[in-house]
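The data blocks that follow each hold one structure.
Here come two complexes built around chain A, the first alongside chain B, the second alongside chain C.
Moving on, here comes the complex of A and B:
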């Protein structure tokens, strides 16, 4: 006890400065978390309040059923479906390109490639994700479209096909990387079981590894879809900016994102109905990506670690 | 009793993980329709050797083998041997039960399906026969379409044995098949091994000396990558020739 008496005051001092520093850091961390949440709430609030203004003038029924989207013309029509169709069409094409290629790469890296090969290929693929999307857009417009026109005579200069294909190339690393992680987290014992039964590498990959990793693969696809739905520059540059209710990939279309860019860059007066349309389009987009992200979160939670 | 022929034979076998010399000049011949047990302390090379017998080590980078392993007189490391075909002849059961996340039925017929057999009647018959052989049929016959992952550990392991038997191999390799199981399940597996040796050549790696004594006809003792002693199990456990074997089986180290 008597020893404590001489040392206690010094210790207390150190302790209290430590505690104050600790508190400050905790406060800073809390603040950064709070800012993120506030910004999100702010965005949703702006979206909601501005689109409520829009829906006071245009009924939701018209918004969802009208087949044309011409808010900037004299004869105004407010049907979101042409923009939704354009978004879905380009997304569909992108996934049709990215899923088979991405999954093949994931399987190759996991089952066939040597460790050295994997170390080289994986970072190279991730370079694809660092290319600015506007560059991809011009690649679609000036390289892919002229190339495709040699085979498809009816292909318009601006079209959903090239934009979708190039968007697919852009999201390949997303699918390959996340799927590869999912496949390599399948327990090694399962792979050994398959090999031990006389499976070839191909049979092991498709019969055992891919099904066992399916939840992770599905999540990677959903995140890729969500990325494609939100993609703006590629479609703005290469797909045409003409709202059209069609599933024909050869003609110009417009996506939700492109419309928002088009209006934001134009001279639409703030507060007008035309101005409010971008928030209505924005909230539609938000509903899509929000639903997709939640779906992937739910799948991950539900199917993860079904076996150890 | 007629003389049994050499089913599996290793001649001057050396194996390496990179620079590590894991198996040193192994020479051994195993008779058909016998149970051979590999014993020895952890890291002695017994599992490595077991896994060279169906080339499961092929996928480990830096692993290489010198010398010969003969299955019915044929070198399994020869260039013209297809490793997937080899494994249909030499089945394997692993330490931890590793059923596929599929139904019980799909697990048993997996090996047949990948060989292209699709006919339902054939698959059903093979499934029943293999499950009976693995002494699991009575327990699962009413729930073949249920997930294999819902079975107990012991049942899962017998399912893995049934799965291996379904493709009718002639050799069955077992890598500590009961080490993750409770005593009752272990007893069932041992009983099963005793039944199966009528039709199969069985090689089993075990840490459990009593188990080796109970189930095997021959025992091989490995130490530091060498095959120290190989003899009839009875002789080995009553009068080991090598001092290290004696020290190990009497529990002085290991």
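Moving on, here comes the complex of A and C:
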């Protein structure tokens, strides 16, 4: 008993301060994690609250069906469709470039190339993804457009084609590396069975490996689309600032992202209807990318082939 | 030609196509880089690095731009590093299971997919307007911190996950508390990988243009910022501004500025790759 009287309170004190510190630290760590939720809430709140102000003055029906977008002109029209068309056009071109090349790289590195070559080439391709997008915009405007103008006489100085092609080059590593991961996680036995039946590498790739890895490949494409839809600087530099409801890749267009940049560069008074348009454009963009991202999570979860 | 010969031919053809695709991106990249260096090198000198912006292309420099970029780099590190690592530690070591953890995870994956320009709109409303920071360095750094937070959290979690169970068990067996184990064992063991992730995230932040334009960073700032509450410009914005002007001379300026920006990004990426390789060679659990 006497021992307890002298030492136990001291020990208890050390223990309880330790326990309190532990709790405080855990609380701080929890708060840091909570910030990520606050960011999401913040994004949705900011986009919604400013857009609601916008939709009080412009009806949603006009926003979705009007064929012109001219909020900065005297004759204001608020149809988002030209911006959506511009965004889809550049995205489509980018994917048309990146998907065949990216997927071929993934197959080539997995089925044809030596392991050593794969080791060297993969990081080199990653370099493409590290270059700032404004630099890609510069390339599109000053190198790709003049080059294409030699073959395509009608090509304007600003156009969706160059911007889309360069954006495609930028997202090649995204598709190639995600698809490559998907293909290399297909078990060896499937490949060996195909070879055992006398298939060539090409037949094995497209008959067995690609179908077996299809969910992963689709996920890589969806994420690439989402990335292209939200891409800003390439299109802001090289695709022009003329909202146009067209699928013609040779003329200047404007994407949702470029419009936001265009307004941000000018001096539009805060709180004005013009100012609110960037949030309405922003929420449109957010809805697209949010849907695409969640579609990819869903596919990943639902269709991921399990080979155990 | 027999069927099997035809198949073998197709196989060879695809192999050639594969080599072509693998190198087309790299060849295009090389063309771009050579073009930039040839174009920009004539303009890149000490004066260019130390001059303030100007309306005359031959006099304009990137002093304010690279100083702004360094400010943003330091401030973003100071904000994003502790937050991101702390959140990563929480998710991996503390709140691992249950619906809440699951929700946090999906949320972070979603944030990683939000376009950077949307973060600009968030920063404009919250930091520039509500918190009245104006279009300052601090507002820019806060915005970019939120942008790279998901990347830091994910890499921190992966780094911590790679630390084997036995290290933690050993620490607990010696009587260490949970936080003592994390702080003295888990974090030091995973520090190299965490650092690699953070540097890669920062190289992303350095190249970001759109969110900073949206929060109102200007292309023309006649002085170098001296406090976090000053207005600023950064290299990518300066490049964007010069690229959008019609005069040829400004394009040359843009190319010269791009060389500086690329050197910075490649330097950061180089450090990250070096650290990763060293880490992989050193650690054998």
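One rule holds in what follows: the second predicted complex is superposed on the first by the 281 of 308 C-alpha atoms of A that agree within 3 Å, B and C clash if a C-alpha of one lies under 4 Å from a C-alpha of the other, contacts with A are read in each partner's own complex, and residues count from 1 in each chain.
Basically, a contact is a pair of C-beta atoms (placed from the backbone, for glycine too) under 8 Å apart; a residue touches a chain by one contact, two chains touch by 3 or more.
The structure presented is a predicted model; accordingly, all values stated were derived computationally and were not measured.
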Partner chain(s) touched by A:289 [first = chain B, second = chain C, both, neither]: second
First, second, both or neither for A:115, with chain B first and chain C second: first
Chain B versus chain C as contact partner of A:32, first or second or both or neither: second
Touched partner set for A:212, first chain B, second chain C, both or neither: first
First, second, both or neither for A:52, with chain B first and chain C second: neither
Chain A residues touched - chain C or chain B, whichever exceeds: C
Touching partner for A:203 - first (chain B), second (chain C), both, neither: both
Interface residues of chain A shared between complexes with chain B and chain C: 200, 203
Partner chain A, residues of chain C touching it in the complex: 7-8, 10-11, 14-15, 17-19, 21-22, 24-26, 28-29, 31-32, 35-36, 82-84, 86-87, 89-91, 94-95, 104, 106-111, 113-122, 124-126, 129, 146, 149-150, 153, 177-179, 203-204, 206-210, 213-214, 216, 236, 239-240, 243-244, 251, 254-255, 258, 261-262, 265-266, 269, 273
Contacting residues of chain A [partner chain B, same complex]: 114-115, 187, 189-190, 192-200, 203, 207-208, 211-212, 306-307
Chain C partner contacts - residues on chain A that touch it in the complex: 18, 21-22, 25-26, 28-30, 32-33, 35-37, 39-40, 42-43, 46-47, 50, 100-101, 104-105, 107-109, 112-113, 121, 123-125, 127-128, 130-135, 137-139, 141-143, 169, 172-173, 200-203, 205, 223, 226, 229-233, 236-237, 257, 260-261, 264-265, 270, 278-279, 282, 285-286, 289-290, 292-294, 297
Of all residues in chain B, those that touch chain A in their complex: 54, 56, 59, 61, 84-88, 91-92, 94, 96, 98-102, 110-111, 114-115, 149, 160, 163-164, 167
